[in-house]
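Note that the chains are named A, B, C and D in the order they appear, and that numbering of residues resets to 1 at the start of each chain.
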Amino acid sequence: MKAVVYEGPRSVSVKNVPDARIERPTDVLVRITTTNICGSDLHMYEGRTDFETGRTFGHENLGEVIEVGQGVDKIKVGEMVCLPFNVACGFCKNCERGYTNYCLTAQPDPHLAGAAYGFADMGPYQGGQAELLRVPWGDFNCLRLGEDARERQTDYVMLSDIFPTGYHATEMAGVRPGDSVAIMGAGPVGLMAAYSSVLKGAGKVMVVDRHADRLALAERIGCLPINDATENPVERILDETMGLGADRGCECVGYQAHDPQGNEHPDDTLNKLVRSVRFTGGIGVVGVFIPQDPGSPDPLEKQGKVALDYGMHWFKGQTMGSGQCPVKRYNRQLRDLVAAGKAKPSFVVSHELPLDEAPNGYEHFDRRDNGWTKVVLHPGAA
Amino acid sequence: MKAVVYEGPRSVSVKNVPDARIERPTDVLVRITTTNICGSDLHMYEGRTDFETGRTFGHENLGEVIEVGQGVDKIKVGEMVCLPFNVACGFCKNCERGYTNYCLTAQPDPHLAGAAYGFADMGPYQGGQAELLRVPWGDFNCLRLGEDARERQTDYVMLSDIFPTGYHATEMAGVRPGDSVAIMGAGPVGLMAAYSSVLKGAGKVMVVDRHADRLALAERIGCLPINDATENPVERILDETMGLGADRGCECVGYQAHDPQGNEHPDDTLNKLVRSVRFTGGIGVVGVFIPQDPGSPDPLEKQGKVALDYGMHWFKGQTMGSGQCPVKRYNRQLRDLVAAGKAKPSFVVSHELPLDEAPNGYEHFDRRDNGWTKVVLHPGAA
Amino acid sequence: MKAVVYEGPRSVSVKNVPDARIERPTDVLVRITTTNICGSDLHMYEGRTDFETGRTFGHENLGEVIEVGQGVDKIKVGEMVCLPFNVACGFCKNCERGYTNYCLTAQPDPHLAGAAYGFADMGPYQGGQAELLRVPWGDFNCLRLGEDARERQTDYVMLSDIFPTGYHATEMAGVRPGDSVAIMGAGPVGLMAAYSSVLKGAGKVMVVDRHADRLALAERIGCLPINDATENPVERILDETMGLGADRGCECVGYQAHDPQGNEHPDDTLNKLVRSVRFTGGIGVVGVFIPQDPGSPDPLEKQGKVALDYGMHWFKGQTMGSGQCPVKRYNRQLRDLVAAGKAKPSFVVSHELPLDEAPNGYEHFDRRDNGWTKVVLHPGAA
Amino acid sequence: MKAVVYEGPRSVSVKNVPDARIERPTDVLVRITTTNICGSDLHMYEGRTDFETGRTFGHENLGEVIEVGQGVDKIKVGEMVCLPFNVACGFCKNCERGYTNYCLTAQPDPHLAGAAYGFADMGPYQGGQAELLRVPWGDFNCLRLGEDARERQTDYVMLSDIFPTGYHATEMAGVRPGDSVAIMGAGPVGLMAAYSSVLKGAGKVMVVDRHADRLALAERIGCLPINDATENPVERILDETMGLGADRGCECVGYQAHDPQGNEHPDDTLNKLVRSVRFTGGIGVVGVFIPQDPGSPDPLEKQGKVALDYGMHWFKGQTMGSGQCPVKRYNRQLRDLVAAGKAKPSFVVSHELPLDEAPNGYEHFDRRDNGWTKVVLHPGAA
């Protein structure tokens, strides 16, 4: 089968690799029809992780079931399914409490937790930027879609990662109807956090970024765009909230937050949230932070440390939730919203490409070229 | 009336000051019979805050009502009451959601929130280490006690601060029956967090400290004491939890965490919790951290920053709650436990002194002299 | 001052009565500019309660502060305020946990709980269908509005009761984004429950009634209207949910539920919800049920009993919440939605009348005359 | 293998039946060493259900794994396991939200939900009062125990049903530290609800029954026994709570509630709870109620209806949760409490019998003979 293969820093190719196949009785085999490039693929693409050359990327996947193992009870051949990026067993201590983001079975390293398709340090699972994908524990991991999914793949594929991830940020932050919300980052995940806030009935959603195309999308869904290249976002958020600060904050950038000159400041967005979220407010952090970053010039960041305004955070009595999203906690409810026509997360998609053009898509998306907000690949397409 | 007056770093005296009195129709006047010295009094006593000389300490107060204002409906003269350390109005946006720790009315600075008796930067309210105390918004702030309170003052007075504060740590951490809990610090608040965990049915409670007298108290209430002067507490906690880490963690030390040589490391206990609490675990932080600490030799700490192992924290998907305790959220329930004989938080008390001996009490408690775990003052006593 | 006075079954008049005034230091005096007739006024208007003749109706009130007592700290003369229908002290065991619907101080009968303006058995408080209203514990009970409230009174006045009450139904039912919701009753409260579901991002909201004007309003806000005079609502809801039943149900009718012939069946809507809500689903009941109804021909209803399909309810593992709404739990958040232009609950208003025309308004609204969905009175208007 | 076989009303025998075996790749086969007779077995034993003659009872099971299917990943041969009474798939809409009590896959009837071993209308699964038990979806359903379980089987077997079921009642009721709790019924489930309340730190636990042996057990674990044959339980509970009523109530009897003369009153315990639980209080109902009971002399009960004091329930703003327990939601946490020595639910066990003596056990337990509080069978024992 054809697949996107990692060749080394900033280099991918589309190659023939061995077909994915049923390996365990509980596996499901899916013919991938839509698969996205994610911002976290870029961390690996840039060579900042220990992702192995020769492996296949792709953890935002949707397609049609073409085979099921003998231990599969629910999923049937021919069904359209969307796969959560987390690979999860459904029965370990974490999965059974809803923490499929920290599955203890799918992750082979006993000191770690959590697994994903085509992801550094998250188990041996191949990615879905390919023609076929093996889905372990298929009954648990496949989200069944209706037949309308064949026509609306760019909406439904967002259930695999960024829509639930953005939603998770708002859940950890505690967004409720009427709340004011500050969102750091208008990349695909930040836009999904903004969109989730709107869907939940937030009163005012403020989105901070410096890319005009992304801020325009934020405005299009009813949010207030704040360009941090031209104004101080903390002051603006305080102004917009009678000096009190936002009720809730979402971090959707991660440790690669940087100034307009490109210098990374891993503490930048977190500390801006500490200062712009009100006393008693909640903060949800879905931007990626990593336990160590040996290549960083910053001595704290080398060890995965962040110089957090912790005194202020404590003084204000804020709460903070963090980590990857447990996609299954939200994907049914969000699917029902998409099916009812009440959510159309495909508004972030800027490009749909056949699989063969993946290298081109990676290159533009990695450079944050204007207008390249979200790239969707279609393995079967011409 | 007689009161404990702050004279400057490490100096208090007992002096005559003007009587506390009813100032607003909603005030209640209390004759204080029991009032504790708190660990947070020591921050002020040591001169590390801008607490004004001439002011009176004391935010852990209990006594008898001797007068009520004309706008008071519930509280009656002659009732025994315990006062939450927070001064709170009951009707601002924060109070009405249960965040009496961040009252917007009682705190005069519009950029801040929260007030307390006899506390730096927390409003103009005099402390209760005195014969009389004015209680603003008396109907809201007074917790009524039964007549048995006259005989069990050292139990009931703990409802003013440290029992709810320790309990709050366990609530923010999410402690449930069966959980394993790691607690940093076996001072009075840490012991109350441990005790609260036990009362809630935790499966295993591990308490880290290096004072033998405090660890002995932890053991007495059924916890596992861990002496961090003689063993690595992170390794021990991992060993006790099959390598997975504790389900929950409570920080009960604060920014003055220090090594056995006395050097402060504000990040010490937080980072130990990040490493010893499991993936998906919750952490509650009630130890005090401050927005700035100009006198500190550490450049980060000067600005109130902490070099947190944030990458690891995020990677493990932990949650963190922080800040002072909203005492009223818990004090009724805990009072009912004390009244039913199911909780006796006075086990932490080492010394009961008349008010005149307050200077002596401060001196010993500040030095953490062996056996001086908790000092209770009785203003009326001989 | 002029006020709407109850004269006996189905009879009210507008008369001069003694002016409302400040009675306690914590009182606030409000000049009422907008006050609604509520469906629960009709219970009293019809003579089915022991509401005393000579008393004034009106518990949905909005106006301008014209005087404050000496113990009032927050509310200022000249501010526009909306009053929750519940009169609540803010400091009893129930109020401090957020149950202002069951205040123990405002209700004089020690065996009961909860108070309201102009309401049978809910304390001595006069209603606001008058030129002036005394608001006890004014700092706690007044919700401050912005200056825009002067121009948008019909939106903001809904914060006094029906908007929070409808929202409360959805909270007790557990409505979340994506859920399917069945709502019994499209009166003003049912429409607000439907509207709240929409604002929260429900996937499908089904509203059952038999009045065309009300069903049309439900459809206008994006809901599916179901006319139970022409189809079986239980079957229709099951059809709309793949046979599984709705995720959540809201009861917004109460014990006066009746068939098209007008015969009351207090169990009708509850049992329809039990049958049309799915296994594990939640039901919120804000329609009024009463502990005894001596005038009823039904022997069970005489004693306030309902022949509930409890076996089915238990078998399906449903949860049920019930009772009046604690308005203060929601009115700030909902105010912020109105202020942000994201909620316009005035869509239910059919008639705005000067106070003098109240008798006319009561007559039409009580008969459910077509087009009389919600009547708003303006005491100051010509 | 030998198994307890239902022969008809009040008749069971121990017979040879075909061996249980692995049927699906996800199955686990368990050699049962301990299996209890449950109160709900008695409903079937008495012939009040459509349980088929020739089938095997037993849904409270513990034993050793002797074989696993090829799709099983976690469970290993030789491990001691305890099985939740619910048979659940782990991946349907209900299971994945934690409602394993309403599994949509294990229940073959598409209009129903939920399955269990050896239970009327809950799927085709054989019971565990036998030498062998087939466990579907073994990785999901088996709770692994430590080696200490071999010596403490009567404690650990309670994790299969009655300990989690009693705990579930307290969760639905909302029991928190300090609360007063009223419990109707001191059968095994009622005693477990009482024990769970104690473990959670309730302030006062009142248990209503009329069997001296059961009330004595309630008292032994620190509860207040109330004999409803000799005093009015509603009045006593009000007296014990200053007239306000209990904070929480647990129904642990079900539709077979009866007076001392043996006449059934399905509304009896529910209405007593409505009257003895306070305004705003929560009620959890785990006693069994059924959708229809054709053999009942009562016309309401025939249709599964209960004449509930709904008017009073609504007036008091109580909440009510109902239904079977989702055992997996609690069994890990409770296992950890047992393992830590902090819970010993075996205190309810009155008799341990070899499997062959099952008929004798059923007879005595069904008659509620004095001292027969809970019967445990050991299939392998002599």
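Just so we're on the same page, contacts are C-beta pairs under 8 Å (C-beta built on N, C-alpha and C of every residue); 3 or more make two chains touch, one makes a residue touch a chain.
Note that the coordinates shown come from a computational prediction; the quantities given were computed from them, not determined experimentally.
Chains that touch both chain B and chain D are the following: A, C. Judged by contacting C-beta pairs, the busier of the interfaces A-C and A-B is A-B. Remark: chain A and chain D have CA centroids separated by 42 Å (rounded to whole angstrom).
We define each chain's centre as the mean of its Cα atoms; on that basis chain A and chain B are separated by 40 Å. Among the residues of chain D, those in touch with two or more other chains are 332. Listed in rising order, the residues of chain D touching chain C in the complex are 94, 97, 99, 101-102, 110-114, 172, 243, 255, 266, 270, 279-280, 285, 288-293, 300, 303-324. Taken together, the chain A residues at the contact with chain C in this complex read 176-180, 199-201, 203-204, 332-337, 339-340, 342. Of all residues in chain C, those touching chain B in their complex are 24-26, 69-71, 73-74, 89-93, 96, 98, 105, 139-140, 328, 332.
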